[in-house]
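The block underneath contains the structure these notes are about, expressed in C-alpha cells.
Here the chain labels run A, B, C and D in written order, and each chain numbers its own residues starting at 1.
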Amino acid sequence: MKNTEIRYLVEPESIKLKNPVLVEGLPGIGHVGKLVAEHLIKELKAEKIIEIYSPHFPPQVIVNEDGTVSMVRNEIYIWKSDSNSPDLLILVGDYQSVTNEGHYELTGTYIELAKRFGVKRIYTLGGYGIGKFVEEPFVLGAANSPDLVKEMVSYGVEFRNSEPGGGIIGASGLLLGFAEREGIEAVCLMGVTSGYMVDPKSAQAVLKVLMKALNLEVGMEELERRAEEMEKIISRLKETESQLMTPQYKRDEDLRYFG
Amino acid sequence: MKNTEIRYLVEPESIKLKNPVLVEGLPGIGHVGKLVAEHLIKELKAEKIIEIYSPHFPPQVIVNEDGTVSMVRNEIYIWKSDSNSPDLLILVGDYQSVTNEGHYELTGTYIELAKRFGVKRIYTLGGYGIGKFVEEPFVLGAANSPDLVKEMVSYGVEFRNSEPGGGIIGASGLLLGFAEREGIEAVCLMGVTSGYMVDPKSAQAVLKVLMKALNLEVGMEELERRAEEMEKIISRLKETESQLMTPQYKRDEDLRYFG
Amino acid sequence: MKNTEIRYLVEPESIKLKNPVLVEGLPGIGHVGKLVAEHLIKELKAEKIIEIYSPHFPPQVIVNEDGTVSMVRNEIYIWKSDSNSPDLLILVGDYQSVTNEGHYELTGTYIELAKRFGVKRIYTLGGYGIGKFVEEPFVLGAANSPDLVKEMVSYGVEFRNSEPGGGIIGASGLLLGFAEREGIEAVCLMGVTSGYMVDPKSAQAVLKVLMKALNLEVGMEELERRAEEMEKIISRLKETESQLMTPQYKRDEDLRYFG
Amino acid sequence: MKNTEIRYLVEPESIKLKNPVLVEGLPGIGHVGKLVAEHLIKELKAEKIIEIYSPHFPPQVIVNEDGTVSMVRNEIYIWKSDSNSPDLLILVGDYQSVTNEGHYELTGTYIELAKRFGVKRIYTLGGYGIGKFVEEPFVLGAANSPDLVKEMVSYGVEFRNSEPGGGIIGASGLLLGFAEREGIEAVCLMGVTSGYMVDPKSAQAVLKVLMKALNLEVGMEELERRAEEMEKIISRLKETESQLMTPQYKRDEDLRYFG
C-alpha cells in the first residue's frame, strides 16, 4: 500500500444526502473530539459507509475483544435527518497521521470526500489543553470566516485573541484551511481540558454547542455517566495528592528548626 | 534503488505449490518468530526461491563469517509436503522496515506474493513481551476471523480481551489486516516472553502450536538446546542479581548505625 | 495535498517587474531575516501576489486575532520602484520546511519563481547566533561569487574565513547554491545575534546594509522601538540574573564556616 | 529539487577510461575513507568530472574560505594511469545521505555511474571504531566474493568472523551489496580507529593497503604530517587525563581511612 485508500461499504451512487454537514472527531487532546463524534454515531445510529486506510497511519492492527483484529483506519458514517437539522457525515478513527506529509494527504482525502457529497459546512472537534483541571469547561472556537465566528459566538463559543497560540495541529486545524480554499465554511470547536486524561466532561460542553449549531438533540446520559466516573477518579487523585503534600510540608517545617 | 524489489532465484513459473500456507517469522520481540521460522527452514530443508530488497531496510550490509557480505533483505523459502500437512512458504529476514510507510509497502509486497502462489492461510509468528521472566510460556493469538479464533483455541492458543492492548506492530500485525482485505485467513501466534532477550523457550511453545495447526512434525532438539543454554544464562543472571541485592541490603542496614 | 502549491492572487501575466531583486526573510535564528523582510513589506506597502502551500510545512493552522485561521504558508510580495532602487520581490512566511527533502523542494520552487520574474540578484536574510548578548551587532556575509563578496564588503558586510563553520542551513543557504546553478547572483546577510530571542537590533543592522545595497531608504522607527523594548527586557533579565548570583555566592561563603 | 542529480563538468562522451577502478571515500568513522580519497586526489592531481546533488543531503551550503559558498554534494574525480596501475574514479563528498531511503537512492546512482564507465572493481574506504586509542592500526576487510577476500589477505587485510558485528553502514557497505548484484567485485577496507576523532594514522594504514592493491605509489608526507599533529594532540589529552586521574585516585585512597 503506497497511497491512502478509500473503501466504500455501500455503492457510492446510492448515498443520497441533502446539503450535509461534516463533523470530524479524530483522536487528539483529551480525546474530546473523538468522544463527541463517537457519542453522536451511537445515539443517532449512524451508518458506516466509508473506511480510509493509509501508509501514514501507524503500521499495526488493533486487537478486538473477541481476538479478531482491525487495521488502523479512519471511518465515515452518515445520518439522514427527518427534521430541521442537517444530514450528517461523521469522520472518526483510531489514529491521525504519524507523518508530516500524511496529515496533508489525509486532509486532502477528507476534503475530496466532503466535496463529493456536497458538504457546505464542517465542524471539527477537539480539545484545548491548559495543563490544569477545569471545573467548568467552556468551548473555544476558531473558524475560517468572520461571519462564522459571529454565528458561533451566538451558540456560546468563545474566541480569544490568537488562541491557541501554537495554532491548531492535525486534521482539526488543517480541515479549516483546506475547506477555505474550496469555499466550504468550517469551524473548530475545542473543549477546554486539562490535557492529562480522556475528558468526557469537556466533550459534553462541546456536544452542547454542536447540538445548538446543528439544531439537533441527542441523549447525553452516556457522556454524563463517563464524566461522573472520571470525576471520581480525579477527586481520588486529588485526595492522594493532598495527602502526599501535607507531610511533605510538615517535613519542610520541621527542618526549619535546623535552619 | 527507489522501490522494494523482488528477485526470483528460480523461474517463477517453475514453482508449483498446492494451496500453500504462508508462515512469517521476521525479527521482533524476543526474536520468537524468527527463531521458529528459521528452525522450520533448517529442519524441513526448505528451498530459498525469493529475495526481497527495499530502501526501507537499514542502509547497510551484513558481514558473514567468511568476510563476505550480504545486503539486508527478506527471503521466502518453499517446502513441498508429501503428507497431510500443507505446502509451505516461509518468510524470514534480517530486519523489518525502518520507516512507517515501508511497513505498509513491504506488507503489500508479501500479500502480492501470497496471492500469486494461491496462499489461503497465513501464520504470522511473534513474541508478546510482558516485562518479566516467564516460567511456562504460552501462546497468545489474534486472528482475522472469529472462525479462526475458534480453531486456534482448539490447538491451545489463548485469546484475551483486546490483548495486546497496544495492538500488533509490524508485519505480523499488518499481514492479518491486509490478508482480510484479500479474503485470506490469517492468524498471529505470539509466544509470551520477557522481551529482554532472545527466547528459544517461547519459540518452542509457538512451534508446538504451529505443528498442531499444520499437522506437521519436526525435530525440536536444536531449539531445546538453545533454550537450555539460555536458561543457564538467565539463572546465572538471577544469581548475580540476588548476590548484588543482599550485600546492598546489608550495607544499608550498617548505615543505620550512623543515622 | 501531495506537492508544494503556488497560488497567484493576481493574474501572473499582469505582474510587470523590471530586473527585480528577490529578498528572502523566512523564520530563523533570532527571527532576524523575518523581522527585516516584514518591516520592508510594511514600510514599502508591498503587495502580496503569491501564496505557497506545502505538505512540508507543519500540519497546522494559525489562529488570527479575530478568531479566523490561516494555513501555514510562505508569501511573496512585490514592490515597484520609481527611483534608482530596483523593483523588489519579498519572500516571507510562517515556517520553513520541517522535512529534509522539503527544504530542497521549496527552494526549487522559490528559484523557479525567481526565474519566471527575471530576478538577477537575491538577498537572503538571517541571523548568526553566537550564544552571548551582542552590544554592537554587525553583519556577516556569504555570497555565491567572489565579485559579490567584494561588493558586499563595500557596504560594511564582514566575511570571515569559512564562517559560519556549520554552514548556512535552510532556505537562506540553499537559495545561494540553487541560484548559482541558474546564474543568479545571491548573497546571505546574517545579523550577529545571541540566538536566545527575537532580535530587532540585529535586524536593524541587516536592514541598514540592505538599504545601502538596494540604494533604498525606509523608516527605521518601528524596528528601533522594538529594539528598545527588547533592550529593556534584556537589562531586566541581566539584573535578575546578577541578583540571583550574588546571594548564591554569599550562601556558599557562609557554608565555608561549616566546611 | 525532488531527485538526485548528476552534473557532468565535461562532455560524458569525452571521458575515456580503461577498465577503471572506483575508489569511494565519503565521510564516516574517523573520516578515514575521506582522508585517503582526498589524499589520492591531491597527490594524483585527479580531475573532477562529476558533481552529485541530492535532496537527501543536509539542506545547507558550506561557506568557503573566501566567503563564497558551495552546495553540499558528492564529487567524482578521474585519474588516467600510464603504468601498470588501473585508471581511477574517485568518489568523495561533504556528507552522506541523511535519510534512510536516500542511502539506497544515492548508492544506486554511484553504481549506475560505475557501470557507465565500465568499472570492474570497487574499493570502499572507511573506519572501524573500537572505542579506544589504537597504537598500530590495521585494516579490516569485507568483500563481496570469497576470491576477493583471499586476494585482500595477500595485501595484509584482516578478515574476522562476522566483524563488524553491526554490519557496514552507509555507502561503503551498500556499494558492496549493489555491486554484487551487477557482477562488479567490491571490497571495503576499514582502518581500525578509536572513532573519537579524525584519524590520519588509520588513513595511512588504509592507503598502504590500497597502494599495494592498485599497484600504485603516492607520497605519504601530507598524511604523515597530519598523523604526527594528531599524535601530539592525543598525547596532550592523555597527559591531562592522567593528571586529572591521579588526585582522584589519591582522594579515594584517603577515604579508605574512613571505610
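One rule holds for everything that comes next: a contact is a pair of C-beta atoms (placed from the backbone, for glycine too) under 8 Å apart; a residue touches a chain by one contact, two chains touch by 3 or more.
The structure displayed is predicted, hence computed values, not measured ones.
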Check: Which other chains touch subunit C while also touching subunit D?
Finding: none
Notebook entry, point to check: Copies subunit B and subunit D touch; is their interface built from the same residue numbers (over half shared) or different ones?
Noted result: different
Next item on the list: Would you mind checking which chain's C-alpha centre is most distant from the centre of subunit D?
Entry: A
Check: How big is the gap, in whole Å, between where the Cα atoms of subunit B centre and where those of subunit D centre?
Finding: 37
Item checked: Centre distance in Å when subunit A and subunit D are each reduced to the mean of their C-alpha atoms -> 53
Item checked: In subunit B, residues with contacts to at least two other chains -> none
Next item on the list: Give the pairs of chains that touch; include all such pairs.
Entry: A-B, A-C, B-D, C-D
Check: Quick one: in the complex, what on subunit A touches subunit C?
Finding: 97, 100-101, 103-105, 107-108, 141-146, 149, 159-170, 173-174, 176-178, 180-181, 188
Item checked: Partner subunit A, residues of subunit C touching it in the complex -> 1-2, 55-56, 58-72, 98-99
